[in-house]
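First chain A sits with chain B, and in the next complex the same chain sits with chain C.
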Partner chain A sequence: MNSQDQLWDVAVVGAGIAGMSAAIFAASKGLSVLHIGNGSGLVFGSGLLDVLAVHPVKDSTVHEDPWHGIELLRKDEPSNPLALVGPKAMEVAVNQIMEALGKAGMPYEPSTTNHFVPTSMGTLKGTFGVPTTMTSGAKAFENKWPTLLIEIRGLREFSAAQMVHTMGDKWPGLRFEKIEFPDSKGVFELYATHLATALETNKTRQAVIDIVRPLIGDAKAVGFPAILGLSESTAVHKAFEDALGVPVFEIPTMPTSVPGLRLKHSFEVAAAAAGVSRRVQSVVTGVKFDNDIATLTLQDATGNQEVQAKAVILATGRFMGRGLFADREKVREPLLDLFVEQPESRENWHSRDFFAKSGHAINRCGLLVDSKWRPTDAFGAVVWPRLYAVGSILARQDWMRQKSGSGLAIGTAWAAVSAMSDDFGSIGGV
Partner chain B sequence: MEDTVFNGGFFTKALWIALGVCCLGLLWRLVSWLVIKIGPDAKEVSFFQRLGAAIIGGIKAIFSKRLPGIIGGFVLDSLLQRRLFKVSKKRWLGHMLLFYGCLVLIVMHALHVLLADKLFSDYQATLNPFLLLRNVFGVATLVGVVLMTSGRKKDWGKVRPARLPIDALFGILVVVIVVTGFLLEAQKMSSPKAFNRMAEEYGIDEDEIKGLRWVWKLDYGVAFPDLKGEPDPDLLEEGRGYNEDYCVGCHSKPQHAFVSYPVAKAAGLIATSTDAANVDKGLLYIHIFACFFAIALLPFTRVFHVVADPISLVVRGAASSAPLSKAGRVNRRALAMDACIRCGLCDFDCSVGPIAKWMNNQELLPSRKVQATRLVASRSEIKAGQAERLAVGAHLCTDCGRCTDRCPVGLDLADLWDAGRGDLSSKGFPAPAVWVKEEPAIAWAEALGAELGRVPPAGPLTADRHQFSACVQCQTCTNVCPVVANSGEDRVDLAPQQVMNLLRLGMNDLALGSKMVWDCATCYQCQENCPEGIRVTDIMLELRGAAWRQLGPVRDRRRSI
Partner chain C sequence: METQVLIIGGGATGTSIMRDLALRGVDCILVEQDDLNAGASGRNHGLLHSGARYVSNDHDAAVECRIEGDILKRLAGQTIQATGGYFVAVQGDDENFIADFPGHCDRAGISWKKIDLNEAFANEPAISRKAIAVYEVPDASIDPFRLSLESVAHAKALGCRLLRRSQVVAFKREGNRITSTTVRDRVTGEEREIVADQIINAAGAWAKIVAGLANIHIDMLYSKGTLLITHNRLAHRAINRLRKPSNADILMPGGTVSIIGTTSVKIDNLDDVYPSIAEVDQIVEESSAMVPDLATVRYIRAYAGVRPLVGASGGDGRSVSRGFALLGHEESGLQNFATITGGKLTTCRLMAEKAADLVCERLGVTTPCVTTSVPLPSAYEGRWTEPGHAPKAWMRSANEDDPLICECEMVSGAVIRNLYNQLVKAGDNPTFTDIGLRSRVGKGACQGAFCAVRAAAHLYQHGAFQGRKGLDQIVDFFDERWGGQHGVLWGEQLAQAELMEALHCGLFGEELK
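And then the complex of A and B:
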């Protein structure tokens, strides 16, 4: 059926983690879901799923137990969206998404706490969900295994030399070797995704294995930049471990990274498996509300079309996702002109200190929602009874500094869909 | 009667002349298959290599394990027209009726002295089933012609497949031959003169003939002007007796000739006057000379496909199991010039067919391109405007291969297009993707700027700078690009994200001449994955159009200097 001939239960706008999760949750509850998104910041992801690692931000306190962190957040910032979701719902939601992604070809190590994963910058990233291709990195660091890192000539976004330089004092057994990727002679610049797809062929994979094997020496683990396969990463990773005889791990690279593309692909597969209908390459340019029905105008290369839904979930992100737009005067929500909680004037957007540990006021601006995750105006009145907002567009959070981006997206999506389906139950919609 | 005419020697001489012309024509066409040079590689093989390839290919086909397959293919594709059946049921029916109608009439009727008389001991043109069947196959032939020619305008509309004026001539001749045949038969049935001649031949005397005339008037439709009213029953009875004795052995009831007999009845009134005017002789001359003319024309019209197409289909069968040699491929292209019947069925499914209509350039259609390919290959100079139109047709082809799949006579059109593009290229009309790459992007931008005296806008692109401003140069497009991934050492000059960056900066003129724009495989990976929703692939395609429009004239002016 064409998407414009149907009255959908829910239209989800936005193709990031929040939008994809909301669509998957709503579809799993048996609702008919139309998901609309053009372009997705998912490719900027590292593949790691953060829940909450830092609180309070001003002290940069890192937590090993994200649930304890959320409990603390509830006391200190009761209106932070993460606090509103709460630890229990968050755990259910994140595990459900990790399971769905696993079925879609991107398995995650089962997890109860935060893990500390070495990054390409030589830092440690505290995160909750770790793809199975990356887990040995955290173990290798924890146990200080002698470890070999592989650098690839021409791959600009990854420097094993820098990692060793930065982490060497804390990790004495860490060393690196620089190798020439097969058939890359004379090529100045290599791209991670091209290497990842090349490694899905037996010939190239074997060639890399043959280059790396003599370099292992006393190393008990081998780390690669995240290039071990694109859509078949599990199989490629396993093939490397089998051939090299030691744990092999991927190190997340700078965006756009291969795990980011895997994440996007796996979310798309998971959404399809959940029964979500998708309109890709379309932008929502307008929404009109009647009493019971929202009419969304979609624009794509062929022109405009209208679709109708009983509920709308807004997951359009912040400035980069164009969910928020900052002009000379103020921050606006461009699609519906919703109320955006923000500093009084532009002068107060940023603090004087650019590197201020507590962050900037602009980072915490966004939409206000009621207890059912529905955007409100300045006075707390709901805009439309079944318009919901989820993810980073929400006010009173600083997901970057809190290291809570995925948790914010997935947790609020879960909570909003739960509230919405309760609502559908009460009006007998489904 | 035919015998008398033939004995006169006039028709015999005419027949020999027609056959002579036909044979010379056939020889000329066959030799042309080894002489016509299409494709750049055609110059690399000599006449004798091509002759050798043809002979060896033929021998190999006969003495190989594939022979049963080739014969099977011949039966299915040539005799039963399997490929045409798949494409168009109506045309298939028309073709079968026309071909088998003609074939049976030729074997049983035209060549009855040589074939029918020998095959059937009791053959008589005026006896059933021969009498009935001649009408059946005559009608079948006419219906075939109608089915093959009807509805064409409706099928094609404004853009039509290639046709040559001489193509219609053969169809007209077939109709003339069949119609004069019917008229001739009808004239004979109603003609008292013919009756009298037969009576004389069989030495029937005055008394016997009276009753017989009545019988032939009533039962056989002879239009005796003097017999009026009702006959004497005894006389009629007597006549029937003589009829049994003399006539029925060779004459079935003419009503079985279901076309000619009604015509004869209708024409009965004027039978004596037609007799007097020797209309029978006139019809006979038209009928037979039309046949001779058709024989002489056979190698020079589309009908030659009855020779070329079975060969083409056999070659196709052979080529599908083992690739042809270079000389063999060149021969096959030359053969295609004769095997193509310009049926236009390839045009129906052509990927760029809609573009042909939109651009109003029929040279995009495969049926036209077959002739154009020959034109480009054969002439040293092509008219400038025409060459450009042909080049557009040749280079817009997407090589989707549907025409090759569809072709009912088994031409390797994909190979022909490739060869044609090679010829166009060597005559100074390479594909834009080729000539753009002759100079770096910066040189094109400078040339464009020098001509216009300023840095020109390359737009308007449907995506404006506002859209490109969203580009964060994240390289996702380049990361997922299979062209960049597989270009190895001989890299693309600008990666996709660099092209987008040029557009973002308003330097469209630099993007125009970029090799990346022309190497793009249009797989849409970049567009699918762009986190900012920029229509990267669509823009690449737009840039191609803009480059062709803007850099093409620059190139033309430089060439003309």
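And then the complex of A and C:
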């Protein structure tokens, strides 16, 4: 059946982590799901899944226990969406997504607390979900193992020397070696995706192993920029560990990153496995509601189409994702012109200091929702009974400063789908 | 340290004085509290005035601009692009003002040509279809950074010295002379004494503060002017509004971008000069009468400079022109201190000549000024501020150690490394901001979000950065650049800023350091 001839239970708009998760959760509950969006935003991900690492933002307090952080958030910011989801639901939701991604080729280390992963900037990133290709980095730092980092000539965003210089005082056994990637002579700029693909071939992988092996010395672990395979990362990573005889880890780097591409791919596989129907090339340009049915206008290269659904989940993101748009006057929600809670004027959008301790007020603007995750107007009235909003488009959070982007996306998707399926139960839709 | 002349202030005026004196064989030291062109010299339109803007209300200034503009075009051509300029009147503008314009130009000796409206629209599609008159004049664009960098390079080649980040904190006076000047290194905090026969205060808007250290009062007002940079270039020529000089009526091309400004806001102190949201809105709204696209285009940056306005009662009134003030301060009893301030970028050479004449007279140096005949040599450290130069150089000579670092402006690793090493050789501890001033790195749409990371990695890869300098420099660079970003954050550029924060705070957690 064509998507336009069917009445879908749910249409999910937006294909970041929130939209992907919502589609997977809804399909897992047996609902028919049409998912619209191309997922291009996912490639900006690092592969790490943050739940909550910093609260309060103004004090830069970093938490090892994200669930405790959410408990504190419930007291201090009770209407923060993370607080509304709560620690228990969050844990279930995030573990379910990590499991689904693992089955789809991107395994995560089972986790109960935050881990501190060394980044290419030489900072430590507090995060919850760590891909198995990256976990030894956190362990190596924690145990201060003598560790070798590999710098690759021509990979512009990554300097192992920078990490050693920046982290060296806290990690005395850290050192680096610079290598020439096989057959890259004369190539000025190397791209992580190309290297990752090249490492999926035995010959190139063996050549790199042969270059690195004599450099190991007393190192108890070896770190690479995140280039260990594109879709075969588990196998490539294992091959390196087997051949080098020490734990090997990837270091998260600038977007567009290889783990970001893996995340996109794995979410797509997981969504397909859950039975989600996807419209990758389409953009939703309009939504009309009548009593029971939402009609969405989908635009693609061939023109417009209408599809119908009993419920709509909005997961369109913030400014980068185009879920929100600001002109000089105010912030708007462009698809449905939903109410956006926001600072009074542009004067108050940003602090005068980029790294201001309290962050920027505009990052806490967004949609308000009721207890069932349905957008409301300025007075708390629901816009449409089965329109839900999830992810970073929601107000009263600051995912960039709280280090909570994935938790916000996955947790609110879980909570909204739960509320929605309860509603479906009551109207006998499923 | 000893020298014949101490120059205070490394803007267009101070650096021009340095070169002028060096060419006369006079030894000098230039001290600058921040970096070259850190004040108004680096925060303007980059317009080399034909003089046409002043013909209606200031004949002398117009003539001065014409003469000085011609000299710079002849002798410092590498810093100038002969873009030409249009003066555009739109419906509702003062018709008498429009009608008088050609006659005023004639009297000032400035060539002009009336342009048929359809031809004007064809040549500059961005101008409003409500235009009612268009005149062409020989306006040009000038790169003030290159001008100052090459003036300093020339003077240094002749033996003069530059001290950056060196702030004058005290003068020692004995009788009718300042015998010593205390200069503090703003990085290390170390102080040193400079003994000079003559001292020229060319500190621009800061001239009043510097003179105050010598107990001399200068009657000065501060006028802040804000300008906006567009994401794309909108016009080939300088586009001026044909009306009494007012807000937001000059649109200048600057390589791949355009610059629109200014405002004029009286301020009381120099500590808090930044472009306000209200000024940004005022520019966007007023400028669109002349160029309608300015209401809807993407802006990437706003910046503000301060014009020092010297009052009529200031000092001894040795005003050589209505455009600038040269004060000998004889009334204070001092015989070796002078102030030059005000003026325009276009007339910086003349200002330098007059100031240098005064101190040479006092020193008994009779060698005449030669800056009307000696060309300004092109220098390695000056050429990287020119849009398009770095990509051309890279295409000619790229190699494995020379990857592109800034993809918006196509600045390669070798340029960044060489500029960095050159400053190190001069005894500096260079920052990203220093490299930004000397190149186009970080000036594109990403505003450094990506290239700062690559630049840091590159400098570590080549052993130039040590310790935590990369992270520290990235944080300082964003803090410094943010002042010009947050005023223009709406539409696409807001999404760009969100990406920058997602990367540097969300992923790397640089705010937690």
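Everything that follows uses one rule, which is that the second predicted complex is superposed on the first by the 425 of 430 C-alpha atoms of A that agree within 3 Å, B and C clash if a C-alpha of one lies under 4 Å from a C-alpha of the other, contacts with A are read in each partner's own complex, and residues count from 1 in each chain.
As a working rule, contacts are C-beta pairs under 8 Å (C-beta built on N, C-alpha and C of every residue); 3 or more make two chains touch, one makes a residue touch a chain.
All values reported here derive from a predicted model rather than from experimental measurement.
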Given the alignment on chain A, is it a clash or a fit between chain B and chain C? fit
Identify the partner contact of A:G186: answer first if only chain B is touched, second if only chain C is, both if each is, neither if none is. both
Partner chain(s) touched by A:R328 [first = chain B, second = chain C, both, neither]: second
Can A:L42 be said to touch chain B (first), chain C (second), both, or neither? first
State whether A:A381 touches chain B only (first), chain C only (second), both chains, or neither. neither
Based on the superposed arrangement, let me know which partner A:H350 touches: chain B (first), chain C (second), both, or neither? second
Of the partners chain B and chain C, which touch A:F158 in the superposed model: first, second, both, neither? second
Answer with first, second, both or neither: which of chain B and chain C does A:P255 touch in the superposed model? both
Between chain B and chain C, which makes contact with more of the residues in chain A? C
Is A:S60 in contact with chain B, with chain C, with both, or with neither (first, second, both, neither)? second
Which holds for A:M400: it touches chain B only (first), chain C only (second), both, or neither? second
For the overlay built on chain A, what is the smallest gap between any CA atom of chain B and any CA atom of chain C, in Å? 6
Same chain A residues contacting chain B and chain C, which ones? 44, 185-188, 255, 320, 322
Using the touch definition up top, name the residues of chain C that touch chain A in the complex. 274, 277, 281, 284, 398-400, 402-405, 450, 453-454, 456-458, 460-461, 463, 465-471, 474-475, 478-479, 481-483, 485-486, 489-491, 494-495, 497-499, 501-503, 505-513
Flag every residue of chain A that touches chain C in the complex, lowest number first. 44, 46, 54, 60, 62, 119-126, 151, 153-154, 156-159, 161-162, 165-166, 178, 185-189, 252, 254-255, 318-320, 322, 325-328, 345-347, 349-355, 357, 360, 362-363, 399-401, 403, 405
Chain B contact footprint on chain A (complex, rising order): 38-44, 183, 185-188, 191-194, 197-198, 255-256, 261, 264, 280-281, 283, 301, 320, 322
Complex contacts: residues of chain B adjacent to chain A: 470, 472, 474-476, 478-480, 484-485, 488-489, 491, 527-535, 538
